[in-house]
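Pasting the structures in now, so scroll down.
Two complexes, one shared chain (subunit A), two partners (subunit B, subunit C).
So, the complex of A and B:
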């Protein structure tokens, strides 16, 4: 690369950070050059986040130094890093939904309290639109913007503040394939303009699509760095995990059995309180059979949430019938959904799937607490529940010192395993899995996929909803494409290709009102 | 005109001003995410502080400064508890109010004997404007405090809507994580907002004691601090809403003051209540009609049926006015009763509250 000779935009040398006895980063050396996209890889807990928090001024390193353009820097708070030109696009956006996009850009420490930066920022955002093509909708509320648009705004916000080093933390987690392609092109453009880009990602396909160089962290230390063109995906995975990952067994052929979930003519209004509001779903026909994974492909906001909520009874349906496990499922409530043999892996792990302040065993046994043997005549038997939790911890390989630890203190992978343990322990006929590996590392992802496959092999039915097309293609027996609140088509796995699904996703324009 | 004359309007404005000022401060504090439940205590301390300084110096201006400093100090305690110690804001607020009651009563009895009475703030007549009939004497022949309140509200409206400081303030109350990521100091913003609310409540308290009546009495804020908090909620965390809420409370309070004096409820009170009920019903219908097309269905909701029933009863009362007399404590309770009703009907506004209201901010969870 041509940039090799010059001083790197950011150089970390010997950076060590300890929390008590735990070493989060151990003598990390890292060079980020201007004009390059540098992928930072590693499993959850490998120390990527800590390292980036040091770079962005949230933590101070215990040892080692950070140099920017050759000068040693020491940030005491995030504001200093921002001012120096280091900006981070967080996985969870740092935008205020009740303010307009322009006001979000204008949010910054004000030297003169009564100053008004909005006019200045508006001009600046227009300049950025002219040079990078990143257009914002200045007077729109952020709450009304889509995920992709919010991410764009987040990037504009950093560019407005003069960021020259941009760190993207799992940027594709919430994006549709099309939006990711746009973002990848944008990252290339920014790099070409001389920005330095750091990409934190689990997805190797993305790394190979955009990155120039990579650095792999494991257990807080750098285990490998180099040019992306000189490495294979398998080598990277081996570096990340510390050993080769077993090949997933090829999907066993299972003859689909009786229908487990049947949805006929389901219609749902966008605003649950107002039946006259435009439909979020209309004329949905679906069938998931025993021993089958039905994948729902579609960009975020195509009606996936409404579908799950309507089937579970959280959201009222305007019309349509649902049959669950062979019986009509009317007067839906979440409790009756679980009683009728349903289970759910929700998309939002932190807020819906777990109660992070409660202990691991409480979270695992939550659904079984009403029934014997964990409770008798309404009186709970905590020791039996803890025993059951320990059994499931062993079965599902949940790594925790004790079942009494608050679940919020576990890693994302272990939290998701606990969710799987809870949902599978009821032997459900139907599992609805929404983005089941969101934010998980390689090993945890592999574990979740194996569990889903086993459930299918046992004759369970799975409705898999994901915005990650690769995941849908890898796991599903049949794929239904959801766009604008309608099923645009159902494709058998053998006939499914990215282009065919992608075409169905974008085929229909706005759904006609019915 | 009966009891609803110009003097009634003047007294309503006098009652509304301190509530409005304290509520404006509270609004700023709540937009930054700190629910200052101790407002009642801060107001009472301001009333006492103002009286204390005036008792010593005899100067009205210094008295107001004293009230503001007292409010500032009390608010600083609230800020220390809620922002630094991250104590539950409801609990610390209640504790602060109780402390305010106890402390002022004790100090007043122990040190400020004999009690002195001062002349209240003089009225300043604004030329030309005060000659406008009805509005003139009510709005433009008032004391300096009321003009200052009006100016301050305009300034706050400007600051909230038109400055970077206002954007930062709203961001801190709505999504402190985002504000922090943008480099805005959460603690500094919250401290500033709480101290500002202390200044406002302190000045409002001083107006109650030395500005309006010229004397301090134990517990003289009489729940006005709570009314101010209620006004912020009722007003949907917007300044315009605050104005409506303060108007309702003040009119109710002024009415009950008048009725206390008269004893028997005269006919025009029933007429006024009837007009009010009809107005509220029509407004409610219009607002809902704008969203859904339920207006066309013509069905009545439960609240509307109750409203129509009360209109019928009120109509009967207008035609045959009964001679009802109520004991004074019941009259005193009227504005608070009205506040409850107002909050109950506007319960759905809760969703307009700043998301991080009453939630302490801990950084590490970015």
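So, the complex of A and C:
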């Protein structure tokens, strides 16, 4: 054991990876020890993902070497890394929703192709439950598991396969505060058992909560490494962005105006095709006024998605009335939602907000394009649309060489800025923002928050839905707490504290869902 | 700029032709024919004189029309393979109406047969579109099965309601002369039909439809990411249905062109002759570019016409042409896979979420 403590579990020295003329990683040195949680920090595009793809065998380094327990290794594919004991918990889970949890665990290349791994995996998962307390629900469909439970299953899957070095890619992005606390405790337990943990995160609070050491990457190179106890958050931010980030402007006082979105008695079934299925939302009353940000706090899966989909007209409502910008909003469709002055920054950007194969300008103008002046009588005016896109690129600081680049090639932050540009360019009365900074780095997050504040100052209304309580507390004028498909209470910003909101989130566990 | 953009595709096309020629030479040598003799017979049979060139160009028209239908449907994300059925439906509708249009003046009769073909193909495609939009039946399955239905219906028509009275052959009576699409009188044999003007016109219409109209924009958004389109207020179902109808219309027009600008002035049950599926190959070889599809349609048509010529002059089995077409399709798919692999090696900070899994869907930016 003593000998092991001296040799790092994983040592990268001088690792360089180039894609054509672009250097993604430049002479990166990194030591990961057993029993420690090592935070890997950096902005979007700083090279964290590429580095971890090298470690997990997805890419091969152009220069430098990777040593595991002192031995040089060269993985040709991810399977090799897994066999050697390096596992990654991806941001986007690699589970098959239509199989049970146990079947997902058993899904792996077997040495004997016809052997049934289920019994073996069931035993392994029970062992893991005994040692780490990570309990799964073996016969439940993954589709029925919450995000936090799916993440737990991912971790069990890696442990089942014997992973000793675990890499977490932004694990808290999808988790509620409570789930994050649980995960943090679990990470510490795993580290105490001698696993090596790498935590990729944007959130400094998390880094300071669990990590022992940190390494900061900027533009592909290491700019700092050391013990977390010997660094301040400000120093870390400065390392990440290469300069201090401007303070967020203090929230100006805005007198809320007329109601922009009014929801009365909204009820939504869990299964959109079956009105008799148990309700996902019942008796929802909400009002968002001009010049105000209404935050919706709640753990994931409390009915947030259903609320957005019902207001947008993606999902039918069983009962209830909605008024948008002073007019009744019935026969809802996404198109009418936008026409009535709505705008949306959805949570799942890749899935519902951008068409990654189309160009940046087409994505930015995707909605404006269908109205004059960018089109007349169904005929487009591409040069005007490109001009408009270039104007918005400058205004929203979208970094791309040309507006003709497919949007899928941009970094996540720039994609999100493009979505913001599109949604704000229509001067909406109401903006629905769902987890608007999920997966963004410090600078991009700051930009998004600033845009939201400016929209509020201009008299716009914002419905902010987030699982990140800090975000809700920092931005909202009023906070509605959603739990089990019901609004448990609405709190003014001045009166809101983490404990009070947390109490409301958990107060009505047994709320009857009629 | 334009050249640089399209250069890789030109190279792929040329490469495919060269390799296909090599394969052909090997087969020819194996069957005891000198490739040089075969080449000269092939050239003579396809472009060697005005008559044969006219045939080649005229036969390229139905191929291109089907290819354009495929391109529109694919752009909307609707991979259907009902082209043979829609060609037959369009041709049969045009025949049924054309046989009764003997009294109309020529220009009007031609227009009526063309419109009837479009309507027939679109209606047949409408079955697929309706099943998809209202019942969620995969369009690729329903269209494939409807092909079989169309083949049987056509066989019944030429033996039943549409059978000519003059003979007991399973074919219709001769079309009234006024309905036959006019051909260029200067070409001996009158093999060059005026419908070759459809080659550039239809290709340009499709390019403009996709790149310059709000409708085409919505179509591409629906095809690129249907869920995002829906969330952004574009109805991907409406776009998909209209795209399938348009593709059926193109295929139906191809059916009318096969009959009324073809060699025989009647409809028999085998008139479709593989155009429906070869049209898909034409579009794929062109990388789903409407303009390049003109070129590849002519190449495919030349393979057909030249294969017949080889059989006539050198007694080479005409199935050689089919072997070549098969080889071309395989080579194109191979080239698409190679091109994709090369693209994936390029730096991509965020792997495109919508990386298409099918080489078939490889599209170009219009």
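In this text, the second predicted complex is superposed on the first by the 507 of 514 C-alpha atoms of A that agree within 3 Å, B and C clash if a C-alpha of one lies under 4 Å from a C-alpha of the other, contacts with A are read in each partner's own complex, and residues count from 1 in each chain.
Criterion: a residue touches a chain if its C-beta (ideal position, glycine included) is under 8 Å from a C-beta of that chain, and two chains touch if they have at least 3 such contacts.
None of these values were measured; they are calculated from a predicted model.
Participant: Go through the superposed model and pick first if A:58 touches only subunit B, second if only subunit C, both, or neither.
Facilitator: The answer is first: A:58 touches subunit B but not subunit C.
Participant: Looking at the overlay, what does A:192 touch: subunit B (first), subunit C (second), both, or neither?
Facilitator: It touches nothing on subunit B or subunit C.
Participant: Who contacts more of subunit A, subunit B or subunit C?
Facilitator: Here the partner covering more residues of subunit A is C.
Participant: Examine A:157 and indicate which partner it touches, taking first as subunit B and second as subunit C; both and neither are also allowed.
Facilitator: Only subunit B is touched by A:157; subunit C is not.
Participant: Mind listing the subunit B positions that touch subunit A in their complex?
Facilitator: It comes out as residues 159, 162-165, 167-168, 170-171, 174-175, 177-185, 291-293, 355, 363, 366.
Participant: So in the complex, the part of subunit A that touches subunit B is made up of which residues?
Facilitator: Residue positions touching the partner: 53, 58, 77-79, 82-83, 88, 90, 92-99, 103-104, 106-110, 113-118, 157, 274, 276.
Participant: For the complex, which residues does subunit C have touching subunit A?
Facilitator: Spelled out, the residues of subunit C in touch with subunit A are 211-215, 217-218, 220-221, 224-225, 227-235, 345-350, 352-354, 356, 363, 365.
Participant: Under the definition above, what is the set of subunit A residues touching subunit C in their complex?
Facilitator: 19-20, 22, 24, 45, 312, 314, 333-335, 337-339, 344, 346, 350-359, 362, 366-367, 369-370, 375, 378-380, 382, 406, 408-412, 415
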